[in-house]
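Note that chain A is present in both complexes that follow, paired respectively with chain B and with chain C.
Entry: the complex of A and B
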């Protein structure tokens, strides 16, 4: 009914390979894109700056991580460190007088090279050991960032981002920062949807499913794993730079700590591993649900409906966040993407219960 | 030289206290094959449990067994409600589930019981023992002795009837089922035992630095200990603990003033990384051979 299949016949391979085979999907995406582009016009600056903008940027980060975790199956618990490298590199490059556009690419490259070193561990181990190795690297990068004054500007310093312009447009107003972030996130989304259809994407999936078996059929695990870490870290590095320039605008090492890495993994898992829409939904959910629920409870507490202490309230976001991770893993391990998929499948044949087959 | 000796001894004792935390991790990994990243939070919860029972006015030596009973039950409940549904899922799911539990406990327990550090008085004198020029912290000393005793007890435990079952389960779940061992119960027991180990660790660490959420940060050195010693080896916990403790105390003792502090985390990270690069299964761990 809503996703009408009637009249949709794919008579050529070209049509069958479309990104959105059903017209409703295509119109939905176009509509959402227009809504997102026009967001600065109808969303109040407070909401745009503190909810929508971080959502867009973290979605880009989740997309970068899910390329590695969802497609290539390489666990990474140090992705915040990769983003930190991108953020700090871009700030120092811009300060050195390099144009912002090139600085973004260069910071991505620097992150990619260092991120590929992270990937070195993946060539030796997998599973739990890879988690531990990337976790250790997160601590190492954190320590280097904090303790090398040339990078962080001192142990507890805050590094302000310089004013920049992107393609001759100054990135100063909230709307321009939002559009830059949105542009990057959309670019990543389109890239991600297409990478699944390339030989590289298929090699990643083969490595994820069983790397020995992939090696047997001629996929070089060494090259593919390193490429996966390289690509994903490049995306993560640029996202880190965007995060620094568009959202934080004053960078401290704590913004890229271990907890942020966990949060990113949570976004990827809650959204659904290796799914595009899952990355967007997961980032939004993990970012906004604790804020929303905490505001709800503190509102109730302020009005005297539920008697809770200040201490409890201050720990509430952590509790909600932890409970959310556990709940999703137990009840819907495939994440929000699967929930959306179920709803979509239901409406594909609605008002009937089943399609043919 | 006295400085070095003091660092060495205090490092070894701290390392033994780390191995108390790591023991719970190994107990669960050995029987269930589950990496329990919530062990730090479990230690924190156990510390709070000991404090809570003592707050009822009970003597510490009665409080610790009661807390151990509580945490044994807690371990059983966690296994029954959360981990049993994760059987057969990929490792990332299990890792994230235990991390989610870690975050939940880190929020809930201090959120309900209060986040200011709680004291646990074990009746240990705070004056250090002085041998020659070397100062030894009494809490660490007793902690080290308790750690040795507990690891010895677990080694003996694996020789008992229940322990043999646990070893069988760790070898192969399906074959254990086939010979009539209740795999579920064995895994539940290992979680309960990890809860008891957490009580001992929580009481000792709590008495030395107070009980608050920072106890859950013990996870990181504990992970280094198990990676170095071998994730499925009980004696490895002792050796790994001493190595991590000594390296993590002696090296920062000389480098902190040069490199600007907190080199302990760097040493711990490097231990994890180098072990994984050189010998992923650790010193005493069993190497898994993978088949297609």
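Entry: the complex of A and C
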């Protein structure tokens, strides 16, 4: 009833290949996009700057990682390092006088090249062994950033981002930073949905499912795996630059540490591997749930509900958060995306019980 | 009805007149890391801060019925959570912030300066923020790591001389661990000693490789520069490698907990301290009497008087003194008047808990005085007087670094 199917016929291949075949889905996406675009008008600076903006950027990061982990099946536990390369490269390029737009692309390219070099390990090892190889990348990049003052910015290892403008729009106000980040996240989302329908996307899926079977049907594993690392690292690198310029505006090595890599993997897994909506939901959950819980618990404590020490108070949200992750994954191992899908399928045929698909 | 309304109006008017200035609730944002990296210090430090603020409210230190409230949140050492907590506390009216986390402080520094909110960075953050001309709203407040290194070196000079001696600096491999580098570099030329750095990987649970190198180097003195669990490992591994406890000199991050973890071997180890430890101080005793015994303490009573607890008390003592002086300018207290209040503080020593500090528009470090104390098996015993070591050199390093920062923007 809600996702009305009656009267929706596809009479051409083109119509059948639409991204959103059901009108409700289409209207939902358009509505959300308009809401997102107008967010600076109706969301308070506190929520725009501390919730929506980081959510949008981390969704872009989760999309970049899920291309590699979800579509191509290559585990990557050092993705924060890829973003670090992008962030540091973009700042140094802008400082060297290169326009921001070009610096963004170049920083993506630099991340892509370095990411693909480490991705070379994927040509020989798989699964847990690949995790080790990408962890090595994380620690190597961390080490280089910390130990080369020319990169990290000297004694205190803090680099402020210079003032820039993007296509003549100065990236200074909160709204402009938000729109730039949103534009990049939307671009990645559209790219991701379309890449699944290209020969490259199908080759990635074939590699994920069985690489030598893919080789038998004519997919070159060498090329495809490297391309997967290259594409994903490019996306991650630009996202890192966006993160630096639009959100942190001062980068330190700790912002791209190992724990951030793990957070990114958690976003992808909790959201649902290889899913667009899962990347958005997973990023939102992993990023914002601890903040919401911390404020909730502090609010309860202030009203005298939980009379406990500050130490316990600080750990309580983490316990709830951990329990929630376990709960969600027990309830639906395929992630938040699958939970959304179940709800949608239920309403697709509501008030009846069974769908055809 | 009309009479009643009149009566109500008059009462309201009289009430309004009799209290010409409404009592103000000054808000401090203590948005710290309770759950990730700084857990070794935050619990006790924050407990000291909250207990001291409770004492201030109980004693009415701020006058005119003014009170001070702490907004306490966990940031997990994550910059994005720190930014959220900062923005929220700012909306709730906080004008002073203490993040006790280098990455979070770094991410918020510029924003806080633009918002004209005071950020205190005691024992963390950028040392060059001591230059108030470049960082008008940041107060490192206590001796920077540079001043700490200088104090330890001066203590070595006074106890055994430096000419021709060898100093090993064993540090965590991070920007924090490398902070003493420039000071050692400058002082080695001036005082004629040689030094070598031995980094170990973060978080420092395993340091045997670094220390076997140190053993080969045969140093006369050892500086250990780490924090948290790694510090006890440093002391233990040093002693295993034939270093005598008396040779070991530590940065401020070595406390009672570490001594308990090391055990009896710890006797003789020295550290820098910015505030006195123990309960034998007027402020701590009043906290015990009016806050802890009154059941208003914010944590485990056994922590009262610990090094980090007293450090927290001292930071808030200075901040409240600044608020008191700032309120003299008139109400309401804002970030700007609070900053002015800080810069009026002269010779304040928190009733002997810390060395006298004086902040000026140029010097936000407060002079950089500290002392060295030694673990006697039960407690930290001071072995030097409160003083600032090599202040000209420290000031020069601060100004050079701050100028570089200013030039970049």
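Note that the second predicted complex is superposed on the first by the 338 of 357 C-alpha atoms of A that agree within 3 Å, B and C clash if a C-alpha of one lies under 4 Å from a C-alpha of the other, contacts with A are read in each partner's own complex, and residues count from 1 in each chain.
Basically, a residue touches a chain if its C-beta (ideal position, glycine included) is under 8 Å from a C-beta of that chain, and two chains touch if they have at least 3 such contacts.
These figures come from a predicted structure and were not determined experimentally.
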- Message: Output check: A:216 vs chain B and chain C. Expected answer is one of first, second, both, neither. What do you get?
- Response: first
- Which partner does A:70 contact after superposing on A: first (chain B), second (chain C), both, neither? neither
- First, second, both or neither for A:140, with chain B first and chain C second: first
- Query: Once the shared chain is lined up, is A:86 touching chain B (first), chain C (second), both, or neither of them?
  - Reply: neither
- First (chain B), second (chain C), both or neither: which does A:335 touch? neither
- Message: With both complexes superposed on chain A, which partner does A:236 reach: first (chain B), second (chain C), both or neither?
- Response: neither
- Check whether A:318 is in contact with chain B, with chain C, with both or with neither, and answer first, second, both or neither. both
- Message: In the overlaid three-chain picture, which partner chain does A:272 touch, first (chain B) or second (chain C), both, or neither?
- Response: neither
- Message: Between chain B and chain C, whom does A:46 touch in the aligned arrangement: first, second, both, or neither?
- Response: second
- Query: Both chain B and chain C contact which residues of chain A?
  - Reply: 143, 146-147, 155, 311, 314-315, 317-318
- Task: Would you mind writing out the residues of chain A in touch with chain C in their complex?
- Result: 45-46, 49-51, 54, 143, 146-147, 152, 154-158, 160, 162, 247-250, 252-255, 259, 287, 290-291, 294-295, 298, 309-311, 313-315, 317-318
- Query: Which residues of chain C touch chain A in the complex?
  - Reply: 34-36, 43, 46-47, 50, 72-74, 76-77, 79-81, 83-85, 87-88, 91, 102-103, 106-107, 109-111, 126-128, 173-175, 178-179, 182, 298-300, 401, 404, 408-409
- Task: Within their complex, state which residues of chain B touch chain A.
- Result: 35, 82, 85-86, 89, 91-93, 95-97, 99-108, 110-112, 114-115, 220, 223, 227, 231, 259-263, 265-266, 268-270, 272-273, 276-277, 280, 290, 292
- Per the touch rule above, chain A residues touching chain B in the complex are 69, 75, 121, 124-125, 127-129, 131-133, 135-137, 139-140, 143, 146-147, 155, 210, 212-213, 216, 262, 265-266, 269, 273, 311-312, 314-326, 329-330, 333
